[in-house]
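Below, each structure is written out as structure tokens.
Shared between the two complexes below is chain A, which has chain B as its partner in the first and chain C in the second.
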Partner chain A sequence: MPSKYIKLITHDKHQFIISRDSANVSQTIKAMLETSMFKESSTNKIQLEENALIMNKICEYFYYNLKYNSNNDEDGDIPEFEIPTEMALELLVASDYFNC
Partner chain B sequence: MQSRRPKIRPPRKSLTAALDFPSIWSTLSQSILQILNQNAGSLSFEELYRKGYNIVLKKHGGILYESIGGVISGYLEGCYTKLINVEEEGDGQVLDRVIQLWRDFEISMKLISDVFLYLDKVYTRENHLLLVYDHGVTLFRDLIIKRDQGKIGNLINEKILDLITANRAKGAMIDFFKIKEVMMMYLSLEETDENGVLIGETYYTLFFERYYLDRSGSFYEGLAGEQFQLGNGRAYLKWVEGVLLDEENKMSLYLNAETCEKLRMLMSRICIVSKIDQVLRFPQESLRDWVHLRKEEELTLLYRLLSRAGYFDGLLVQIDEIIKDEEGLKSPSLDGQGKEKVKISQVSTVFVTQVIALKDKYDQILRYLSTDANVQKTIETSFTSVLNPAAAAAATSRLSEFLSYYIDEFIKKSKDSNDTEISAFLDNAIVIFRFIKDKDVFEKFYKNHLAKRLLKAQSEKDDDLERMLIDRFRNEIGSTFTAKLEGMFKDIHLSRELSAKFNHKNLHVSVLTKTFWPIQPTETSSLINLPSVLEDLQSQFTQYYTNCFNGRNIQWVYNFGTVDIRVKFTKKLHELNCSIYCGVIILLFQEFEQITYKELKQVTQIPEAELKRALLSLSVAQRTRVLLKSPMSKEFQDDDVFKFNYNFTAPLTKVKILTVITKQDTDATRSETLKETETDRKYEVDAMIVRVMKSNKTLSHRELIEEIIKLSAKRFEPSVGFIKKRVEMLIEREYLRRDETDSKVYHYLA
Partner chain C sequence: MSRRPLKYRREESANGTQTEASAIRGPNSALTEFLRQQGISAEEIRQRHLRRVAGEEATLEDAPGVIEINRETEPDQRAEEEEQEPDQEELEIRIAARRKRRAARDNNDGEYTDSDSEDNLEQEDNHIDQDAVERARIVGDEVECFRCSTSFVVSVYSEQDPETGGYYCVDCLKMKQENDRAIRKNQLASRKKRQRLAVALLDRQDVKIPSLQDISIKRITERIEDVDELGDIGAINMKKIAKIICRNRSLNDTTLSLFLNTAIEVLELWDCSKITKDSYDKICSFAPNIKKLTVLMCGRFHNDNLNYYATNFKNLTSLELDGPFLINNQTWQSFFKVKGKDLTSFKVSNTHRFDDTTLETLLQNVDAEKFQSLKLSRLAGIKFKDSYDMIPMYLTNLFELEISYPEHEELVDDSMLINTLSINGESLNTLVLDGCAGLTDEFLINGIKPFASKLRKLSLQFLDQITDEGFVGLFHEWHTNLGLNEVFLKKCFSLGDAGILEMFLHSNTTLVELSLNSVKDLTVLPFQVMRCNNLIYLDIGFIRSIDDRVLELIQKNCKQVKIIDCYGNNKCTAAAKIREDVKVIGRQSDTLW
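Our next item is the complex of A and B:
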């Protein structure tokens, strides 16, 4: 029985508990959770190498994407996703890894 | 205020650190093997993914891709050796083992492919290589199924076909789902070309299917041969249908749609197309019996099978043969057996009824054959060709005559017919009419009969049936055919009005338009001496008519007229109804006591043939011997003497003196009619040629002939030789000319 929430553990031992739906915004995480037989799919925990700071922003993006992507046929008022300039490069790399 | 430029943090350190491929790979390859051995539970997807990701990021994708292939190959080689060893020990479970191996391998490859998603995404696609998953599958194909000249593949194929054959032959229970699973595997094993690019074919389509069809083919070839040997058509068809249905139910359990279709075609070819023609000719229980006994079950079954095979040629040929052997369609002989006289009117009715019955029979058979358009066409063509034998054949077609006599006979007796009989009659007449090729010949015969009937008809009411029939003819081939016939009706109608206006109760005249009627005035008819009574009436009417219609010319034809004469015989007063010629002769005896044949000829000027006929009726026919002839014989000599028979008696007051018709007469009329048709055809074809050439100006010989045959098809079938002759005649008469350089081309001369 897949749980509704999953746990992401950062390199610096922070834990992010987010909804499965939002985590699935990342194709990479989606594959990890869905491909049974691996550790992740049974524990619903994923050990990542990112640090908490960047992970926070990534999770924020997951929710942002989930919210505005799923009901995009409503009015076109989608607020811009704010990216602090100093994080730009790190996020770029992360988006490549997470495939989102 | 000066804006401060924010400092961008560089990504994590690990991305920039140098990569130790061998150590990372040793973990990865261990993990891949774990996955292949169904033992991935303890592995972290993230960890493996991250490793693959880092390797690719550091541009080591190529070596990673190859190494993955290497690990998988090694694993598969081990599996292969195991399979072969076990099999060689006589295990016999190779099918199940391969299925299991494939099941596991497929799942593992899915996992491996997920783990190396980033490799596929960044490296594989860019280098136009097979995706990790597909790469694994091709390795399975080459290292398990196709290794050593396809040792395992062949082994499996053979096992599968052995199972299927056992099921086909003896109904052995087999696990179709297992076979289906192998098929699914085969369909997954895509073939690649020499550059490793997928070519859209699979092991299934390139290897298995061929083997499958070969073995299935030879299996059914043998079985069909055995059934064929039994020599029973019905049994054979039943067997084929059974076998096809059985196979139909099973094939979809394990074959893909394309192979199902190929197997269907193969079986149709083996069981139906290659044998059915002979089966239909089996001496027992075959087409001929089914047709003659009107076997619905067999014929519908046959049609089902033939439509499945899409092969009807043989059936059409054989139906044609069977129809051509129908005795009932052969024109009956009119010579009669022994001394019995054959009446053509009776023969006609019998023959027409017979043909109609046969047509009904084949209509029924056609319904059993799904009212197939080609079968219908064949039946019609066959009927037409039997009923219209080529002119060269000994017995020329008398169909036109038969139909005309049939119609004549029915209409004459139609007073008591009810509506059902009448509508059946109309339908029948049209059915036969359609079969007549030379409609112009029919027109001639029919017109002769119609003319006689119309002249005899008493009132408009009698014409109803005639009109209905003509309407049907018009619907069938158009108004050109019926225009003249309708003209005949109009004449009769006007004549009735005219006679009424002329208002002489003793005279009814039919005024006929020369071109509509088959009756033509002859030169001799104006010479005939009428008795004064008749002559007076005639001149009165002529005068009346020319007064009414200025400028019209009236000529008298007596052949079809009748007179009523009241004669007081010794015993009783009788009213004689007879032909005008007979009347003329009888009235002579008001002046003469007796008269010789020679004198009769001179006094009356009736043409000799007509005279003889009249005298036969008056002096030889038993019941109507109004004259006494001496010597009493059927021959007429110049000095034969005729006297009036005052002692004539008859049961009724009214006596109808029928005009004797001899066989020579009918034959003469017949050949005359045919000769007329021949002449008419010349005119018609001439007219057609001129019309066609006038609109086309220049045509080749072939084009012209084709055009003429097309144009005349509704009425008759002119031979090419006939058309050629007409063309030559027209060239002589300078309607056409040949091209100077190409004699096969004609030009129209205005």
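Our next item is the complex of A and C:
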């Protein structure tokens, strides 16, 4: 039985513990967790190169996506996901990697 | 605002001295001017209104509760009228009160409706006056609430039910107002949602959560001026950003440099209208390894730039330019003499300075074995038929050929195409002949059919001489060709059922994109035969026979279809059953409001 939560460790040693469902928003993480030959799938820990600031925003997006993707046919009023302008480029690089 | 000039006008017209030229007045609007010319005066209308109200006076006499004194309103107007009648002042007060109540009620209504137009303003006025009279009669009386049957005293704030005419008590009124507010809010939300859906449909997208990449790209492109370097964002994202900033029209000298580095081999810039001469040189000096360069809307692309490219782009093999009208024939020719032998693809469109001799120089200098793609679109400078006729003499290995919208339709004719196809047919994959209206069935039957065995994309838009006969002749037992992938027949007016049927029988399984836009004589028949399992995009706009049933039939028979354009088909309604993964664009029911 795989754990319900997974741990993302940034390169500046911050740990983000998020639900598996939300992490699966990222196709990259999903692939890591689902492929049994990777160590990540058994330990549920993923070591990442991103820094904590960016990772924080990415986790926020995971939950944002999870929340509004599941109930989008109700009233369809989805608030915009806010990102600070100065972070946009780094986020683009990171989201390109995470494929989300 | 308008009272002062109106007053002047009344005085002037009274003594009859006013003329258009001599009148001294401040700035006024076009409407005021119009009303003045038509002899319509607001004062007159007001007087008439006052007279009418005076008529009602008698009936209002016994309801003192209704009078709300508001001395603040229109004191100068009162001063004007004071000497007319002793009763006038009281009347004014009544009017002011009524106007105030009406304003309050209008605010409650929120939005203006069409009925507010000037035509029935007068009528509306009457109606409201009647209302006021009705209400005035009852204010202060004790009545039963028409909903909860408790008795209460009617005040000026009480509201009537529009259908039954009964009054709401205070509590019920509060409830009703809250209800109304909720309904209005819901309506607004659903309208917003419909609008968002319709907008997304036009962009051919689903309404879904945007990916973080797209959000970031949006934010970056908003502030592209402040970006120093894009960094390692991947080629796909780079292309996306380039596309978006071209669409925003914010590609300029500063933002251009973000896309240039020594590693890139392909560069596509869709809107270069803001790029200056110096920056075109910069493309070459910062990204010297480019093999394939696409520069569209390059109005400022200069002779010097092309000369610079000729000597400094060592690897350039493919060049596409749209709108390079500053380049003169001499520069074109010297460019072809230097680079011609390296080119595999040359595409040019929208310039009048590309003439017959330039085309000849191009053809003479390219390497016939290497050269694969030629596009000559909207070149007004090519004026002689002989120039086009030369193409098959020099080019023998074409993969892609586009000759579209020539200056005159006689410039491109059947014999030239049959000639070209007989030589290049073996290799030809794409043939675009949009707007060469001089072409007839002959080139289909004697050119395409015998020679173009590898043809996959055929575009014949605006070819009005192509008929059923040609299409049947082409597609009937065309065994050498295994099927076309993309066919565009927009505005081929003379085509009918038989030709399209034959096309379906030949290319049913291979068609991926198909446009039959404005092939107006088509009936339901070809669509009943259509079994295009690989079809993804279909344009059936402006074909009158298409209705909801045909739409459903197409979806049933074409399992993969994703986008159906059906603009101008007024028999396609919201009632048609549309598969979830299909987007039907252009139905009248998908309006924004």
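Rule of thumb we're sticking to: the second predicted complex is superposed on the first by the 100 of 100 C-alpha atoms of A that agree within 3 Å, B and C clash if a C-alpha of one lies under 4 Å from a C-alpha of the other, contacts with A are read in each partner's own complex, and residues count from 1 in each chain.
Keep this in mind: contacts are C-beta pairs under 8 Å (C-beta built on N, C-alpha and C of every residue); 3 or more make two chains touch, one makes a residue touch a chain.
Since the model is a prediction, treat every value here as computed from it, not as a measurement.
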- request: Put chain B and chain C onto chain A via the superposition and say whether they clash or fit.
  value: fit
Message: Quick check on the superposed pair: does A:Tyr61 touch chain B, chain C, both, or neither? Answer first, second, both or neither.
response: second
- request: Return first, second, both or neither, reflecting whether A:Ala88 touches chain B, chain C, both chains, or no partner chain.
  value: both
Message: Just checking: does A:Ala52 make contact with chain B only, chain C only, both, or neither of them? Give me first, second, both or neither.
response: neither
- prompt: Touch check for A:Ile78: first (chain B), second (chain C), both, or neither?
  reply: second
- request: Between chain B and chain C, report the minimum C-alpha distance in the superposition, expressed in whole angstrom.
  value: 5
Message: Give me the intersection of chain A's contacts with chain B and its contacts with chain C, in residue numbers.
response: 85, 88-89, 93
Message: For a test of understanding, state which residues of chain B touch chain A in their complex under the given definition.
response: 6-12, 14-15, 35, 40-47, 49-50, 53, 110-111, 114, 117-118, 121
- line: In the complex, the residues of chain A that touch chain B are 27-28, 31-32, 35, 37-42, 46-51, 84-90, 93, 97, 99
Statement: The answer for chain C against chain A in the complex is residues 189, 192-193, 196, 207-213, 215-217, 219-220, 222-223, 226-227, 230-234, 237
Statement: Counting only contacts in the complex, chain A reaches chain C at residues 58, 61, 64-65, 68-69, 72, 75-78, 81, 83, 85, 88-89, 91-93, 95-96, 98, 100
